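After this come two complexes, each holding chain A, first together with chain B and then together with chain C.
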Partner chain A sequence: MEASVLIFGLVNSATLMLVALGFSLIFGLSGVANLAHGGIYLFSGYVTWMLMNYLGVPFLLAVPLTIIIAGVLGALIYWVALKRVRGLHLSEVIATFAVGVAILELFRWMGFVTYEFTLPVFIKGSVDIAGVSIDYQRLLIIGIGLLLAFALWVFSRYTKMGLALRGMAQDEYTALSIGIDSDWAAALSMALGSAIAAIAAISILPLGIISINMGYEVLIMALAVSVVGGLESITGLVVASIILGFAKTITGTYFDPKWMEVIYLFALVLVLAIKPSGLFGKFKELEERV
Partner chain B sequence: MSKETILEVRNLSKNFGGVKAVSEVSFQLKRGEALGVMGPNGCGKSTLINLITGFIKPSSGQVFYQGKDITGIAPHKAVNLGIARSFQMAKPFYNIPVYKNLIIPLFSPRVRKLVGGKFGDRDEAAIHLLEDVGFERDSSIPYKAAGSLPHGYVKRLELARCLSLEPDLIILDELFSGMSMSEVASILPFLERLRDEGKTLIMVEHRLKELFRVVDKVVVLNFGKKIAEGLPEEVVQNEEVRKSYLGSEVDSSA
Partner chain C sequence: MSAKVGYRKERLDRGIKARTDDIFAISTYREILYLILPRVFVIAGLLIFPLLGDFTGVYWQNVIVITCTIALLALSWDLLHSVGLVSLGQAVFFGVGAYITGFLAQQFGLPPLVTIPLATVFGALVCTMLLYPVLRLRGVYFGLITFALPLLFMRIIETTKVLGGTEGMSGLPALPSIAISLYIIITITLVCVFGFQRLFETDYGLVLKAIKDNDRSVIAAGFNISWFKAQAVFIAALPATFAGAFLTHHYQFVGIPAFATDYSILPLASAIVGGPGSFFGAMLGAFLLVPLSELLRDLGTLRIVIYSVILLIFVVGLPEGLYPYLRRKYFQFERVVSMELEEGGK
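Presenting the complex of A and B:
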């Protein structure tokens, strides 16, 4: 394998992982399939841009502010759109999808579609690894992705809050009967997941311009990784990111770049047909269905 | 008895459509008492428990707990007041290790206040609690995922989960259902000990012989109505109770 395939495969994998983490976290912790994920992702990008360009906030301050604002938005989406339909999965999906589309199209309507919308990179410059030139931002994406995945793994297994939230996702009645407030837990997980979406956006968006359609692409990426890896499994998420990331890179390098985005959907359909609960999925019901 | 009343249920009713699942049920429970709730299948026992613990909102009537009106309270708030309940169909957090199932209650405000301690401090206490309810000492079972437990252990975990909440009132909904004779026999002394330690208990149960070993008094329901209340040995002599259990022998030999 060429060095460039290896390196850019890793970058693509880390990108996928970052994008899918927030989505997967919300599903794993509260059972909500948050289809507003792409909307929140782009919202975060635009918020950072607006903070910097309209209010003159320095980048280093705009980043934590954006993460907090995205978290608040996530909790707000829960209280406004989800609280009433909690437990009705189809309604949850419709509600979050509507919110996501509303956010994205609101920005389109406001005219956020030109080439001026870019975010700065953390560190300028690039480095040569095995003859492949790679910029620091892409290396950072790999680092941030791994760090976040590890942090979430620890959070969901070794902290009271993480366990309580996981419990909530597994059985709401049992969780209620040990004194966990279900609305509070779900709002909190929406806030956490949205904050992570913001981290992903701030890390990845500097690689190009911010465009509305990326919101939809990001949602497809998150869905593909979650379905291939199996929901509520962080191991599955990492493995699926690597598989899809390399599949994309290999397709782009050896076949035709136009197939690069289709590969996600292809993998999604393939996994649904063969092993519907995903490679590492724990949803036994799907396996046992005849 | 001059002890304070911990729970009072006043004319509690619940209609599901036209069906009166629970109809005008009233009773009182004093601190330290053990109450049995019995009656044939579908007589409203579980609904009654769900009404008291807030999982179902009553159509009419009131529930008082420690003098406070808690009618229609949110379930997690009832827990934080000290009412712990088990489920007939126990659903532990299946992909979380057994002992960690008992640590999650630390997240609730009540347990945090009463027990305190950081995450990890409670590991030892959780293991002890599991041994109390009959998990084998020094086995690997507490470290396995709760979803891998056999049914009898799930029910014991359910009991341990109630106790981990530091409750004032423990409500056990058919704890014995699905347990083998020997499993029930091994858990009975523990329940008797809870009663002797002065814990307030409500047990919904079909296995009357075992139930009567633990409880001081019983309430009998039929078609959602309370048809008898009193000492176990009195109640089983009651003509209406005998009729409601038509065909099944009411065994008072215990």
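Presenting the complex of A and C:
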């Protein structure tokens, strides 16, 4: 029992982290609360499916193609919509919310809701760890999650581009004065965040069928993790994923599985009410409440 | 040195607008009509509509009931927006009102005359208390929490099976007749739109507006802004919970759909399309979008895509909205004037 809680807790944590990385990256770097995150996530899943089933593209080629398409979509959302309302946080939120709902409901209307919509797993089969049977895909999610978090940590600290983006997030005017183009940085962060959402979608969606409501759920998960962990810290993100992932697993194992999804919403509301900057958020503490 | 001559548009108040600005200046019927005609047009149009029941048919009467419901939610959104709180989940107010009415009607068998007012006031109180802890949040955080709340309620009702669970509560007492329903909701909508407009012209409304513009200077002026925001949430919740309570009796049913995304995104789109900040705009938006959505009923969920796209176009391209545009055309005229350009100027 304990071993299964531990292993599935880890899997759930990694899933949460993957889902939240893209959202948190965009918010941390460009300050845009990208409520289209769920839309982009599902969009990537369906694009992979369409590439494979309509165009017959092999899976290994469909994956990088999807990631690129999602990145382009993210940058496009920025250039077409967000650029014009930049700085007006409320308009940004409404605009991305509208984009997200539009994408999700468009797929619902197109009838992408039946059981045939599944993505293949990377490696079939499962393995026994400490008496718990677990499939390779779930193990891969843990690996991909850790790898991405580490890659982002390196990117944001040790590459020029990452440093430029972080500079922009910390003080836009100073960053502008030393020659960082604000629009370019924001579009890039949107593209990166969307590409990461696509990676998350491709690794997580094979575990079940793709359904539209997943899009809203993913957004809630991403919001919960980012808010609990604090919006600009990768450490916070990892810790929050672990807390929520294990909370979810423990609820599912020892209480009623029905309560599993409520946990996120509950955590989200609780943290926003008590400490809106999250467990690890620092530099926005003064700005977000009066 | 020859200065280049360029042209620009200049906007000026119409003479009649300038003359009617001051109540003492009104002397002719023409000026009086200029002032009151738009209002009379709206009020009379809405009050006469229920009388045309034979001509319009029950279907469109129902559409107007729903339109007014959405208009009330949009007015509620607009009031919150005017205090600087952007709600992405008007459904939470709607649902709370709806469920309280349903509960009162089913458990205690109370008639609509009692349940609707009770649910309106009590629901608004509940919403205010729910949101009170997060009123200190600024910017997007309030939006995030209102986005999450209806989903949370939906899940809790689904999971715990309280209040009818996924089945909802049906067979609730109906309102006497469609004409009476129409009159009730139209009157309430008109009272709200003119009342809110008036509220924001008072000193009290000035404080609320100031909170949106610069909350810190309002604090510095010695106002307790949390308390003011709480009051604003209460006032804003009233029309929305009323809408929920009313529609519950209209449909004789309340269930999880009361927290559905439709009740969040339609009011939001209405208010944005009509022009946020002017309550007439929110109403205008609802009266454009809801009948439009009825005409597009065959399209299924594509309608939500259409609203979202309209919402996006307006929020990005025409943030001013329709109502301020119409208002400007009514009060002002434009003319082209010449101006001297400096050397190298545009």
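In the analysis below, the second predicted complex is superposed on the first by the 281 of 290 C-alpha atoms of A that agree within 3 Å, B and C clash if a C-alpha of one lies under 4 Å from a C-alpha of the other, contacts with A are read in each partner's own complex, and residues count from 1 in each chain.
The criterion applied here is as follows: a residue touches a chain if its C-beta (ideal position, glycine included) is under 8 Å from a C-beta of that chain, and two chains touch if they have at least 3 such contacts.
Values in this document were obtained by computation on a predicted structure and should not be read as measured data.
Undergrad: Would you mind checking which one, chain B or chain C, touches more residues on chain A?
TA: For chain A, the partner with the higher number of touched residues is C.
Undergrad: Return first, second, both or neither, reflecting whether A:S177 touches chain B, chain C, both chains, or no partner chain.
TA: first
Undergrad: After lining up the shared chain so the two structures overlap, which partner does A:A98 touch, if you call chain B first and chain C second: first, second, both or neither?
TA: second
Undergrad: Examine A:D128 and indicate which partner it touches, taking first as chain B and second as chain C; both and neither are also allowed.
TA: Neither partner.
Undergrad: Residues of chain A touching chain B in their complex?
TA: Residues 158-161, 163-164, 166-167, 170-171, 173-182, 232, 282 of chain A touch chain B in their complex.
Undergrad: Spell out the residues on chain A that touch chain C in their complex, using ranges where they run on.
TA: These residues of chain A touch chain C: 33, 35, 80-81, 84-85, 89-95, 97-99, 101-102, 105-106, 108-109, 216, 220, 223, 227, 256, 258-259, 261-262, 265-266, 268-269, 272-274, 276, 287-290.
Undergrad: Within their complex, state which residues of chain C touch chain A.
TA: 81, 86, 88, 133-134, 136-141, 143-145, 147-149, 151-152, 155-156, 158-159, 215-216, 219, 225, 261, 265, 268, 272, 299-302, 304-305, 308-309, 311-312, 315-317, 319
Undergrad: If we count contacts the way the header does, which residues on chain B are in touch with chain A in the complex?
TA: Counting only chain B, the residues touching chain A are 53, 55, 74-76, 79-80, 84-85, 87, 90-96, 100-101, 103-111, 119, 161, 164-165.
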